[in-house]
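Shared chain: chain A. Partners: chain B in the first complex, chain C in the second.
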Partner chain A sequence: MKNLKKLLYSRKAAPYVFVLPFILSFTVFWIYPLFSTVKMSFQSILPGEIRWVRFDNYNKLLKDSVFHLAIKNSFQYMLLTLVLLIPFPMLFASVMDSNLVKLKGLYKALLYLPALTSVVVAGTIFRLMFSELEGSQMNQLLSWFKIEPIKWLKLRSTSYFALLTIACWRWTGVNMLYFLSGLKNIDKGLYEAAEIDGAGGRQKFMYVTLPLLKPTTIYVLTISIYAGLAMFLESFMLWNGNASPNNIGLTIVGYLYKRGIEKNQLGYASAVGLVLLGIALTINIIQLIMNGTFRKEEKA
Partner chain B sequence: MKRLTDADSSKEKKDKKLEEEVYKGKDSKKRIYRMSEKRKISSITATVFFTFLGILVIFPFAAAVLASFRPGQELIRYGLSVKLDRAGMTLNNYRYLFSGKHNYFLWFKNSLVLTILSVSLTLIICYFVAYGLAMYQYKLKNLLLFLVIATMMVPFEILMLPLYQEMIDLRLINTTAGVVLPGLCGASTIFFFRQFMIGLPVELLDAGRIDGATEYGICLRIMLPITKPAFAAMAILTGMGAWNSMLWPLLVYREARKFTLPIGLNTLLTPYGNNYDLLITGSCFAVLPILVLFLCFQSYFIDGMTAGAVKG
Partner chain C sequence: MKERLIRLILCFIMSTAILAGCGSDKTALTDSAETNHTDESAEESGEAEPEAITTVGPEDGTHLEMWTFVELHSNFYAEMLNTWNQKNPDKQLNITFTTYPYADMHNKLMMANQTGSGAPDICDIEIGQFPNFMQGQVQFYPLNEVIDPYRTDIVPARIEVYSKDGKNYGAPTHVGATVMYYNTKILEQYGIDYTKIVTWNDYAEAGKKLKEASGGKVFMTSVDTGGTDWLWLAMAEYGEDYTNKEGAPDIELNSIKQMLTMQQSWLEEGIAMISPGGQVDMEEGFANIGDGNIASFPKAMWFMSRFLNYLPEMKDTWAIAPCPVFEEGQPRSVGIGGTGTVVSVQSSNTELAAEFLAFAKLSYEGNEKIWEILGFDTCNTTIWTDETITKDTGNKYLSYFVTNPFDTLNEIKNEIGIIKVGRMNPAIAEQFNLTILNNCFENGAEIESELAAAQDALEIEY
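== the complex of A and B ==
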C-alpha cells in the first residue's frame, strides 16, 4: 500500500495520472463510438434484431438520390462559405490592422457579437426576416426596388442565399479576429523593407501579408471546411425541423439525423456518417499536402 | 483588448509624431502633406465602411428586440419588420414571459445548471490533462498529443449516433450526466491550456520540487494561480458553448421539463401553433446573460477565440 502511494507520487507516474481522464474519455467517448459506428455501418439494426449485411448499406447509399442531393447541398454550402468567409474577413482584418480605423475595439466587438448567439436565436430571427409574407424584411427590401415578394425559403437559390446570409452574419467577425491575430505576428519591419523596395499597398498585401498569413489561412480554411460540411442546425432552424421543401436544405448531417434518429435506421445512418468522415479527412489531407504542411515537418 | 488598444494608440502617436517631424522638414514638405491627406481620406472611408458593417450586424438583433415589444399576431402576419411607431408597442410579451405560465424559466434554470456544471468540470479536467501534456517528458507524450489533435479532426456529428446508442446502454438518456460527460475532455480546451503552459518557465517546477512539494502540490499550488488568465478565457468560451449547445442535448433530453433553453425555445414552434411572440421575447432574453458576460470580459473572449489560430 505504501509502495503504491509512493509510485503514485513519483515523478514518472504523475504525468500518467494527469492524462488519465483524457485516456478514459478518449476510449469511452471517442474510440468506442468510432468503432461501433464502423461496425454498425455493416449491419441492419432493427429493435431486437441485428443482422450483418456487409456492404448493403453502402450499395444503397450509392443509389440513394436523396443522399446525393444532401452531399451536393453540403458541398455547395461549404464552397460558398469558403468563397465568402475567407477573402473578405482577411481584407477587413488587414484594413483594420493598418491603423486607418479609429475605435477598433468597438468594431471588433460589434462584428463578434453574432457569434455569441445560439443557432436557435439566429435561425429564428432570420427565418422571420426571410419569411414569405409581404411585410417581411427581405420582401420589404425588394419592394423598394419594385420587385414582387418572394417565397424565400421555398426556392433553392433564395434559400441558399438565406443560409449564406446567416453564415456570413455569424462568422465574418470571428474569422476576421483569426486573421487579425495572424497579422499581429507579422514583423512590421518587413513592410518597411518592402516600402523601401518601392512596393505599393497592393504589392505589400500580395507579397508580404498573404504569404505570411498562410498558417492562419490554413487554420481558418480547415475549420471552415469542417463547419461547412457538418452544417445542420442552421437548416434545422430555418425550416423548423429537418424537412425543407424538396429537401433543398438537406445536408449530410441532416440526412444522418433523419435516418438515424427520425427513422431509427442506425446502420444506414452510420454509413452516411462514415462517408462524411471520409470526405472530410480526404479534403483536409489534400489541403494539408498542397499547403506543404507535411513537407515542412519533415524538414524540421 | 486593453493591451491591444494601448499598443495601437501608442503606435498611432508615434506615427503622428513622425509625420509631424517630417512635415517640419522643408524639402519633402509637399509630398508628405499629400500623403497624409490621402491617408485621411482612406481612414474616413475605412471608418465609414466598418460603421456600415456594424449596422448590418446589429440590425437583426435590433429588429428582434423591437419585435419583442409587439403583439405576436403582427409577427405571424408580417414576419419580422422594423416598425418604430410607439403605437401598438406593448410589454405584454415580457409580462407573459415572466408570468411563469410555461416552462421558460425552468429551461433557463436547466441551461444555467448545465452550463455551470460542464464549465467547472471541463476546466478542472482539461487543466490537469494539459498539465500532464505540457510539463513532463515521457514516452507516450507525443502519441497522446497526436490523439488529442485527432479528436479535433473527426466531426462530432459522426459520433453522435453511436454515442446516443451508448448513452441508452449506460442508462444516461434524459440525464444531465449524459449531456455533460462526453464533452468533458474537449480537445480544444486541452490544447489551449497546453499552449498557455508551454510558454511558462519549467524552472518553477524544479523550485517547487526542491522545496519538497509533491507533483500534485506543484500542479495545484504553483501552476494553478499562474494559469488564471487561461482559465478565464476558457471559462467564457466553454460557457458560451454550453449555453448555446443544442444538437447533443436535443438527443439526450427526452422530457420537456428537462429541456435546456435552445431546445425549449425550438419546441415553441410546432405545426399546430406558433408562439412567435414568446419565442422572440425568450430569444432576446436568452442572449442577455452571454451579452453581459461578453461586455465585461471582451478581451478574454477574443484571446480564447484566437489562441488556437496563432500557431496554425
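== the complex of A and C ==
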C-alpha cells in the first residue's frame, strides 16, 4: 500500500502512469496492427494455411494494372479535392468572418450538417440522383436544358463530378470551420494597422490573412491529402459495391477491401495497405518540409 | 433560446430535404416503370434488403444459427424446420435465421472463417462466392454422409459444384436451367411467333421485324454489361468453358467471340438495347421489363420469382421457351446461379445441423417446398414429372405464366450445359462485368483485343 502511494506520488513514475492508457491503446490498436500488417504482407493467408511468400505480393503489385489504376484514381480524386476543398472553404470562412454575413450560426450549422449525415445514406441518395434512368434528378435537370439523359456513373468525367459533388457537399463545412477557428486567432490589430497603411480588402486578405492562416492551411492540407487517398465509402456506395465499370471508381482502399475481404487474400491486401501508407507518408513529409513545418521547431 | 429555435428549424429542414429526396426518387422510378411498385417492393431488392431475424422452433430444442442473403430462403427453411420438428420429436431444433444483405453476409462469413470464430452453424453461400471459401483448409463440415441417402435423386453436377477433393461441402438448391422469357403480348401485337425461333439468326430476324413494326420503340432484348449469362449460354451451346481442366482461365473462346460479335451487331442495328443497371436482375432491369421496352431475354428459371415479386401486373404475359442456338442441334440451356448451403466446422452440433440441412434441401418434400415457395427448378428432377405438382393450377408460379415451365424444363432436360465454377471464376466474371462488356457494348471496342488484354491480366492473377 505504502509502496503504491509512493509510486503514485513519485515525480518520476507519475507521468508514465498518466500516459499509460494512451501508450497501451496506441500499442494495441496501432503499433501491433502495423507490424502485423508488415508481417502479413510477406505471407499468403488462408484459413489454416499460412505460408511465407517473401516478396511475391509486392512483385504481383508491380504487375497489377488494376492496382495501378486504383492509385491513379485515388490520386486524381485527392488532387481534385485539394483544389476544391481548400480555397473555397477558406474564402467562405473569410466571408463568414467579415461583417458581410448575417445569421452566421445558421450558415455554419447548415454547412456543417452534411458531415453529420451517414455516408451510407448520403451515398445511396446520390446514387439514385445520378442514376442513368431518365427519371433521375440529374437527368431531369438536364432535360430542362434539353440535354439527353447521361449515364452518369458509367463515364469517367461524370463519375468524378458525382464523387466530387459528394466530397464538396460533405467536407466544405468542416474545412470552413477549421479556417474560421484559424481566423479567430489572427490579431484584429494587424488589420487595423494594415488599413492605416492604406491596404484594401484584397491586400488585407493576401498579406495578412493568408500568411497567418498558414498553420491551419497546412493542417487542412495534410488531413485532406490523407482523406483523399483513403477515400472508399463514397465510391463503394455510389456504385453499390466495389463494382464500377472499367474500375473508374476503384480507389486504393477499395482495392484493399476487394482483395482482403471479398477475395480472401489478406496477405496481398496488407501489401496494398502498406503501399498506401508509404504514398501518404511520402507526400505529406515532402509537403511538410516544403511548407517549413520542421524548420520552425528548430528556430524555437 | 433563439439559437435553439434556429437549430430546431434547421433539423426540420434537413430531414424534410432528405425525405423529399427519397420521395421524389421513388416516384421517378415508378413513373418510368409505369407500374404500381410499392415502396416496400423497391426496398426488397438486392443490397437494399434490411436485416431480418426470426427464431423458429421450441425453446428447449437444440439451438442453431443460420444466415441467408435472401429473406425468402429463410421462410423456406423455417417451413422445413417445422416439418422436421414434427417428424423428429427426439431431435427438436430451434433455429435463429438472420438475413443479411448479399455482400455483407459473405464478407462476415469470410471473416469468421479467417478468425476461427463467429460463424453461424448453417449458412447459405451464393455459387459465385463459393470458390472463395474453398481456398486453404475448408472451414465447412463435409456433407457426404448426409447426402448419400438422397444422392441418386439429385442431379450429380449440382453437388459436384460445391465440392473439393471428393468432399461435398454444400447442399444445392436448384438447377438454374436457363430459358428464354418472351413477352407474348408485345410479340402478338407486332405479329411475331416466338415458337418459330430456333436459331440466333431467327431471333435477330424477329428482332428486325419487331423494330420495324414498332417504329424502334420495342427492342427484341437487352444485352448485359454487368452479367455473364449470355456468355455462359454461348459456351454451353458450343460445349466450351472459360476455365480449363486445371482451372486456369481461357477466355478467348470461339463461343464468347461469336456471342459478343452478334450482340454488338444487334446494338448497331437497333435490335437490342443495353440493359439499364447492367443486367435484368436489377431494379432498373425490372422497370425496363415492366415498361415493355424489351420483348424477351434469357435468364435462369429462378427469375420466375422476380416476376411474381416485382411485376405481378404482367400476369398472363410471359411465356417460357428454350433458348435459341447458333447451329441447330446444339444444347439449348445452361445451369446458372445457385446457392450452396454449408455447415460450419465451428458449430458445436455439426452432425445434427448437417442432417437437418440434407432433409430440408434434398428430401422429396424439401424439393416440393423449394418449388412451391421459391419457384426453383429443383435438383430432384422427379419433381419435374410429378403431375400433382406440374399440373397444380393453384400454384402461383404455374398460374402466372402463359406456358407451363415444366414443359420447357422437360424438353431441355438433357441439354442443360454445365460451366465449371472454380477459383478463377470470380476474377473472370469481374473482368467481363467491369471491363470487357462495358468496353465492347458501351464504347464499341474491338472484341479480340479486349479479350486478349483481359486474358493477360487473368494469367497474372492465376
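Heads up, the rule we're going with is that the second predicted complex is superposed on the first by the 287 of 300 C-alpha atoms of A that agree within 3 Å, B and C clash if a C-alpha of one lies under 4 Å from a C-alpha of the other, contacts with A are read in each partner's own complex, and residues count from 1 in each chain.
Note that in this section a contact is a pair of C-beta atoms (placed from the backbone, for glycine too) under 8 Å apart; a residue touches a chain by one contact, two chains touch by 3 or more.
Please read these numbers as outputs of a predicted model, since none were measured by experiment.
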Which superposed partner A:256 touches (first chain B, second chain C, both, neither): first
Between chain B and chain C, more extensive residue contact with chain A: B
Partner chain(s) touched by A:125 [first = chain B, second = chain C, both, neither]: both
Chain B versus chain C as contact partner of A:135, first or second or both or neither: both
Contacts of A:64 with chain B and chain C, given as first, second, both or neither: second
Partner chain in contact with A:202 - chain B first, chain C second, else both or neither: neither
Contacts of A:146 with chain B and chain C, given as first, second, both or neither: neither
Which of chain B and chain C A:54 touches, first, second, both or neither: neither
Which of chain B and chain C A:18 touches, first, second, both or neither: first
Which of chain B and chain C A:264 touches, first, second, both or neither: second
Chain A residues contacted in one complex by chain B, in the other by chain C: 103, 105-106, 109-110, 113, 117, 121, 124-125, 128-129, 131-137, 140, 240, 261, 266
Chain C to chain A touching residues, read off their complex: 3, 6-7, 10, 14, 18, 21-22, 24-25, 27-29, 31-32, 46-48, 103, 106-107, 110-111, 113-114, 116, 132-133, 135-139, 225-226, 276-277, 284, 287, 426-427, 430, 433-435, 438-439, 442, 457, 460
Chain A-facing residues of chain B, complex: 1, 4-5, 8, 11-12, 15, 39, 42-43, 46-47, 49-51, 53-54, 57-58, 60-61, 63-64, 67, 75, 77-82, 125, 128-129, 131-133, 135-136, 138, 140-141, 144, 147-148, 151, 153-166, 181-182, 184-185, 190, 214-216, 219, 240, 243-244, 246-247, 251, 261-262, 265-266, 269, 276, 279-280, 283, 286-287, 290-291, 294-295, 298, 301-302, 305-306, 308-312
Residues of chain A that touch chain C when the two form their complex: 45-49, 60, 63-66, 103, 105-106, 109-110, 113, 117, 121, 124-125, 128-129, 131-137, 140, 151, 154, 240-241, 243-247, 261-264, 266
In the complex with chain B, residue positions of chain A that touch it: 9-12, 14-19, 21-23, 25-26, 28-30, 32-34, 36-37, 40, 92, 95-96, 98-114, 116-122, 124-126, 128-129, 131-137, 139-140, 169, 172-174, 177-178, 180-182, 185, 214-216, 218-220, 226, 229-230, 232-233, 237, 240, 253, 256, 260-261, 266, 269-270, 273-274, 276-277, 280-281, 284
